[in-house]
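The letters A, B and C name the chains in turn, as written, and every chain counts its residues from 1.
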């Protein structure tokens, strides 16, 4: 098909766009993990604050991504960063918060009290207990949250092409503007493939990280991880 | 703030257009959601029947893949299939909305404790009565959670409908971005976000009203 | 009345229940007793066709249940299970009225009946009718379960280890409750249990199952005093003779003693202890052993001495396997 010939003839463009796309996603998710996991832990340690944290993250999720862009651009343009990569990364970062925070919180809450007591009884400090017992056990579920965040972000990064962030979404933008079906389909298919591939790869990583005993977490699908 | 004043001024000029676009927006959301529910709930019920178990699991894999596909890609592909306009948007939104509802219907029904089903059967309920009087009421909380997620996805993706000619409030946002018109942008963004929160709130209310008080008490 | 006629259940090559036959008279409780996997629960479930029989008949009130369709059959049989199975999404009174609602009874009429049934199971309708199952304790829930089974006034009740999930302390209380209810409603009851004490206490008849067949069918005393096989003897326990004690009352053994030199005819001597005619011999014997006496006086509610119970008489009676309990 013509789309395939388009892809093969513009391979370096596509690779460049792919690189842009993944760059935005990885930075956003990386930052989100750095803030999200500690926030999830805090949410568990301090339930009342935790409720607020989770509520705020949930409200963020209900804001359509296009709306978020629309809200951010006027604000960020004060610093001259209205369009481009910055608002994109910020939006993706914000959207990653809920899955990661909620899953971290749920994962740590799910660690059986008996295990906590055993750790305490053995003389571990709260910090040691966190690092040696709770986090390792929580890892699969946290990974599930990271997986969800990543897949969502790949999708939103596509929209970010509309605010000049680049990425594979540009193919769609141009395809619509130029009525060029080849670019349209190339863009749509590529983004879908990347998203599905990411889902599978991260599911695999999640499975590897699951301690042998925790079989149930293995089968978490994206849906279960978001609910 | 300058942008805020611009927005207010712009709104005063274009209030009618905002209303029109909002209605268009709600139309797309409502139609695609209704169609999704009509298909997803029976599908979830079908999947939860014990004799369909194996096929259900295979089906779940397919649905999971579908969920990972970015919404913009869905819209684009729908557009190449049926052309520009609202139908493309409705189809794409329908696909995006189906999965959470189906999965949660399935999981919710499967989570109903088996001894309740045994009691219902032993008392003399027909399979249909068991489904309507025992299974669904007890699965409703989970089903509503799925509906809420699905509606959030739907309302969240709806602004993109503009990009494939489906109209809606996305026009304000994307045109505003193109023209660097903060007023338009903000009006579109706030309207869209507001609508999304409204739908979420209504769904929460509907859930509170429909889920039996007995189940809420049991969960607390 | 229930008549089980050559009921069998085969799963391919495996026979779960083989040619089981017995009859339970109207208004009596028959306990299906036996170790795990003996077929007692399968037999029970074949009566309301939760498990379809491979062969054989079930007759209720003389009619072959095969003539009825499954749903109608089940709506005419009360069913109580171990986990209770109250629907958490319905109030207590809606739970009780499940079958009446299915049958299309008038709502007001059935709610009134629900209130009556709550009183029968000793739960205050004003307090409990509008509550939800999660607000009740396990024992209270099971009482509602019994009320639910009685709602459509079925002639027959099937109970599958109904008190198994209740803690031992409350279990005795609810067993006594149920016996009181049964005296009032007089249903024909089939009751599955693996607890010998429960069976001996509650049953009018026991069907002891072993590997899909009935080893013995009879009154509790039949199985205790006259086991037909080693299996029955072993199952009822080496102490089964002592278990017979709880089936006999002081009134069964009492006799008037000859006049004593130090008092009127059959009066109590100093140091004598007294029991009531209704006390079971287990309590009486325990009292004798505790107090170190070989006889106790039996006093009625007004305080008059009706006779004496002698240890020797108890032992003689126990040893007499052929003396049946009234």
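What we mean here is this: a residue touches a chain if its C-beta (ideal position, glycine included) is under 8 Å from a C-beta of that chain, and two chains touch if they have at least 3 such contacts.
As the structure is a computational prediction, the values presented were derived from the model and not from experiment.
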Remotest chain, subunit B as reference, centres from CA atoms: C
Comparison of B-C and A-B by number of C-beta pairs in contact, larger one: A-B
Interchain centroid distance [CA atoms averaged], subunit A/subunit C, Å: 61
Separation of subunit B from subunit C, taking each centre as the mean of its C-alpha atoms, in whole Å: 54
Chain centre separation (subunit A, subunit B; CA means) in Å: 21
Subunit B residues within the subunit A interface of the complex: 3, 60, 63-65, 67-74, 76-77, 79-80, 99-100, 103-104, 107, 145-146, 149, 152, 155-160, 163-164, 170, 172-174, 176-177, 182, 185-186, 188-190, 192-193, 196-197, 200
Subunit A residues within the subunit B interface of the complex: 59, 61-71, 73-75, 77, 83, 151, 154-156, 158-159, 162-163, 169, 172, 175-176, 181, 184-185, 187-189, 191-192, 195-196, 198-199, 221-224, 226-227
Partner subunit C, residues of subunit B touching it in the complex: 113, 115-116, 118-126, 129, 133-134, 137-138, 212-215, 217-218
Subunit C residues touching subunit B - in the complex, by the definition given at the top: 48, 50, 71-77, 79, 81-91, 98-99, 102, 132-135, 148, 158
